[in-house]
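Chain IDs A, B, C, D, E and F follow the sequence of writing; residue 1 opens each chain.
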Amino acid sequence: MPFEPVILFFLLGLTAGIARSDLKIPGVLYESLSIFLLLAIGLKGGIELARHPVATLLPQALAVLATAAAIPLVAFPLLRRFGGLGRADAASIAAHYGSVSVVTFAVAAAWLAGRGIEAEGHLIVFLVLLEFPALMIGVLLARGAGNGTPWGRVLHEVFAGKSIVLLVGGLLIGWAAGPQGIQPLDRLFIDLFKGVLALFLLEMGLVAAGRLGDLRRAGPFLAGFAIGMPLAAGVLGALTGTLLGLSVGGATLLATLYASASYIAAPAAMRIAVPEANPALSIGAALGITFPFNLLLGVPAYHWLAGSLEGAFR
Amino acid sequence: MPFEPVILFFLLGLTAGIARSDLKIPGVLYESLSIFLLLAIGLKGGIELARHPVATLLPQALAVLATAAAIPLVAFPLLRRFGGLGRADAASIAAHYGSVSVVTFAVAAAWLAGRGIEAEGHLIVFLVLLEFPALMIGVLLARGAGNGTPWGRVLHEVFAGKSIVLLVGGLLIGWAAGPQGIQPLDRLFIDLFKGVLALFLLEMGLVAAGRLGDLRRAGPFLAGFAIGMPLAAGVLGALTGTLLGLSVGGATLLATLYASASYIAAPAAMRIAVPEANPALSIGAALGITFPFNLLLGVPAYHWLAGSLEGAFR
Amino acid sequence: MPFEPVILFFLLGLTAGIARSDLKIPGVLYESLSIFLLLAIGLKGGIELARHPVATLLPQALAVLATAAAIPLVAFPLLRRFGGLGRADAASIAAHYGSVSVVTFAVAAAWLAGRGIEAEGHLIVFLVLLEFPALMIGVLLARGAGNGTPWGRVLHEVFAGKSIVLLVGGLLIGWAAGPQGIQPLDRLFIDLFKGVLALFLLEMGLVAAGRLGDLRRAGPFLAGFAIGMPLAAGVLGALTGTLLGLSVGGATLLATLYASASYIAAPAAMRIAVPEANPALSIGAALGITFPFNLLLGVPAYHWLAGSLEGAFR
Amino acid sequence: MSPRTTPCKLLTIICEAQLENDLVDDLQRLHATGYTIADVRGRGACGVRDAAWPPSASIRVEVLCDERTAGNIVDHLERRYYAHYAMVLFLGDVAVLRSGKFTS
Amino acid sequence: MSPRTTPCKLLTIICEAQLENDLVDDLQRLHATGYTIADVRGRGACGVRDAAWPPSASIRVEVLCDERTAGNIVDHLERRYYAHYAMVLFLGDVAVLRSGKFTS
Amino acid sequence: MSPRTTPCKLLTIICEAQLENDLVDDLQRLHATGYTIADVRGRGACGVRDAAWPPSASIRVEVLCDERTAGNIVDHLERRYYAHYAMVLFLGDVAVLRSGKFTS
């Protein structure tokens, strides 16, 4: 099969949603599954962190953060000028695309694993690091640094937000307890990960089906942006990864991170920090187009890209 | 032990319910567990389908569908004439008994597995197929084919209903992805299946305890029907299975399917399509009597029957 | 690491709660996880019971019940005289500390297992037995045996309460089905136990964070009691265990049971049976102080104690 | 009441959860500008509905609307559902802010 | 209001979830013909009740009944629970369809 | 109504679930003595909010208070949230027991 089997669950949810099935995944199950996924990803990252001396990761991490910051900074003027969007909307969408999608990352990792392609484990650490800077940039773009931005409130929303708490908390626990300490928890957090991911994708399909109406209202520019932006960001990610000496698998994952758009942390933070922005636009683009695009076509494309760059640069 | 250990969870729930324990399984947990069970059964069926060429199953499937259609068609006049029930109630009850219970099937499969008795894997495909025709027959019996039945609405309710979507969706995913594609999901959907079944039975026991009042109102005819009908249908199923050349285990499962009464898909569909029918009657009989009867006595009886027929016919 | 890694999840929850994170574990997930834990513990105990002839446990069980009854009977006058608490509050707190905490027990068992220290499996049976007598003693202390205590109501609340039903129900199922009967359920109830415990501790951390305000109001005497009482009860438990000939691991678990304070069964029963008691006091002490104290310091201390006593007495 | 508020009808419908999809379509067709739904359990003439499983789940639907719309909705529900489904309806008077939102 | 509706009292009780079983028995004994319950969270004189775990869960109970029944229920609840439990009661006026359903 | 009850305002707010933390702080600051929150879903001017995932979840907040407090809360909410968030407000009249609990 050209794509990861778990994606079929997304398509099932999408179909059920479009057919107005009475299949509804209770909101509480959504929350429970997302708590599980965020914590499990954090734990995996922490175990990787325990294996690598943090110091050796630092230069790579800084390079990754610096290049990734380009994504929202480029997206913002594009959306303003060519999309004709207002300041708040452009900033909010830029923040969504600058941040990352945990589930897209997990599907990419599964896709690589299903093909036996190795990837550096510490990419998860980058996932955690890339989650929030774009959110801050988004708020800066919307409001400027100065007058009247309730920065305390915004910082609290970002850093005490569910996804950062669970990702960073899981990271610290995995790092402190180490591989042997976490091992009795593997039955839950490692073995069941992919099955839970499948259930979550079923739910995301149902949610995405409900966003299709928003999409129609969003117009063709945003639809194009929702495919062009991840492709461009994917190139940047694959390039960065290759130059940093990551394996093809690692560069694929970094490209996926750059290309993915957040729909867990970003909507929550932007709603509070930039309330004037219309969430239907950012979520419609990120979840309705970019997310399925990345699952179905993006990941294989980034892998092909990473392979080509590896050939070119070494 | 003469019966499957998971049945003890049903008895625990039933006892707790009768004792008015404050043990309450949240409705959301019920929905989550039933989503899991339906999807897991569908996936298992899909994997079996991937192993068998569909064409070879077709004649068997048609025979199974044809004989199973006799169940609601016989039940209806019985309920009308001897039970004195109105058209709507008789049609709704006939639909419940014509359709199948996924959980009863799962318990029967576990009972066979616990005794090391083999059964054809593609019985799950028949489970999916038998889920809905009886619902259509029930609506036809209640309303006639013509005037004023909102068929679009009814067909939507049946085919976009949760259980069909998850069973058929799981079937298609399992079939498209094949055994290797699904294998990383086995940790969740296969390994945990029986434990989740136990939890679901605990919940069904609590629910059944709440139906005992309905039962008293239902009267002795319906109570007799709720035991006699599955026995008769079980004979039909065992006979059909044996004549189709199924193993003793396979014929036991087919008999269980025929004998079981739906309490997930049927109540939902009948409530919308035949609102005049009193759900307390159909659910009281199907869940309050037939379900525990099949779990405790029916399955061993159908197995004995299948064994005897096998001896007689071959 | 000096303590069990799962405790880190408690600390994460506590930190998130104190930081007013928007991480909220839905109430339904709490209930689902606690149903799982209680049932799983009961099943494990039942399997142990199936291995031991009940008759041989009886003398030990009686000795354990008798000495454990001292805990609420000593706590009550202490709380009355030195804490200046009213009859109802003192009785309710005494009942909480006389009963046991299932989660503390599970963490202690994990701590021992992580160090390869053996412990008698039938300690779980004592856990179940110790759950309720202190609740009855608490009601007696608050109301006296006579006039106007609605004993029917109270007994129903205790014995039909969720935790007793699941613990005893699990025990009976495990005992009736035996190790082989339960074995297909192990994937869920045994393998996932520790992971689910980690999630539950995360939730308890969040809940405990919300009790810190109550604690401040509770005052220094109760804070001292919440540490002194478990230590004293732990000594009693370690002594009892050693004199009954338990291994060091077994005596550690018995000490943990005596030292732990209930926060599942006791709050529910006391609220109905002794409504005049202020739940903020008993829950604040049991969950806000004693629970984390036992997790972090108590368990290692009781192990050291059990080791010393073993040396002294044999 | 503040001069910025306007009187408005609040229609509350308590019924079987399975009717939700149909009801929502009906409300839209009858020109309600919105609705709010909560999951509930209860007891009534049709017995206990404890929400332990889908057939016994109930919902509580609130509709803010003008008197005429409320009347139309009540008429429709009474005709279409009242006889065969567990359902209770009641009307109250409230004051809303920005009443334009609630008249069709 | 339409001539088909009849005035009725709506009694709302917000209290600790643990009282649900008892309350439901009380309502039946006091001749309420039904009730509707939702799970809620909140804050009041007894502090924050955030529903994060069972001891801090709350319910919101609605009872449609005639004035006398409402009075009886309020009296009973005040006597039996008000002092020791987190509980709030309020009464409103509504109009119901088929009022026969709500008088005992 | 019984002589033991006192008239009181019941303010109901239906809004995006994400506002809960802020709203609760606002209510405290504006001297509401309590509140009750339920999880709901619905439809309004901002479209369907089906509660299938956090961004589309809604809450229904009830506040019993005196008329002045209700006015202050309505003013504040209108200023701070009404323009940019899905939000509906309405006021009703009820009668409470022990009214001391609800005046600040």
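Going forward, contacts are C-beta pairs under 8 Å (C-beta built on N, C-alpha and C of every residue); 3 or more make two chains touch, one makes a residue touch a chain.
Only a predicted model underlies this, so the values are computations on that prediction, with no experimental measurement involved.
Enquirer: From chain C, which chain is the farthest off, judged by mean CA positions?
Expert: Of all chains, D has its centre farthest from that of chain C.
Enquirer: Any idea whether B-D or E-F has more C-beta pairs in contact?
Expert: If we tally the C-beta pairs in contact for B-D and E-F, the bigger total goes to E-F.
Enquirer: By mean C-alpha position, what chain is farthest away from chain F?
Expert: Measuring from the centre of chain F, the most distant chain centre belongs to B.
Enquirer: Averaging over Cα atoms per chain, report the distance between chain A and chain B in Å.
Expert: Averaging C-alpha atoms per chain gives centres 41 Å apart.
Enquirer: Please tell me the distance, in whole Å, between the geometric centres of chain B and chain F computed from their C-alpha atoms.
Expert: From the centre of chain B to the centre of chain F is 46 Å.
Enquirer: By residue number and range, which residues of chain E touch two or more other chains?
Expert: 38-39, 92
Enquirer: Among all residues of chain A, which ones touch two or more of the remaining chains?
Expert: Only 20, 22, 24-25, 28, 31, 192, 268 qualify.
Enquirer: Please output the residues of chain E touching chain D within their complex, sorted ascending.
Expert: 1-2, 4-5, 8, 10, 24, 28, 33-39, 64, 92-98, 101
Enquirer: Under the stated contact criterion, what part of chain C meets chain E in this complex?
Expert: Contact set of chain C toward chain E: 24-25, 27, 30-31, 203, 206-207, 210, 213-214, 267-268, 271-272, 275-276, 279-280, 283.
Enquirer: Can you name the residues of chain E that touch chain F in the complex?
Expert: 12, 14, 38-45, 58, 60, 67, 71, 74, 78, 82, 88-92
Enquirer: Please name which positions on chain B make contact with chain C in the complex.
Expert: It comes out as residues 1, 5-6, 8-9, 12, 15-16, 19-26, 28-29, 110, 113-114, 191-192, 194-196, 198-199, 202.
Enquirer: Applying the document's contact rule, which stretches of chain E touch chain C when the two form their complex?
Expert: Per the touch definition, chain E meets chain C at residues 16, 18, 22, 39, 47-48, 50-57, 81, 84-85.
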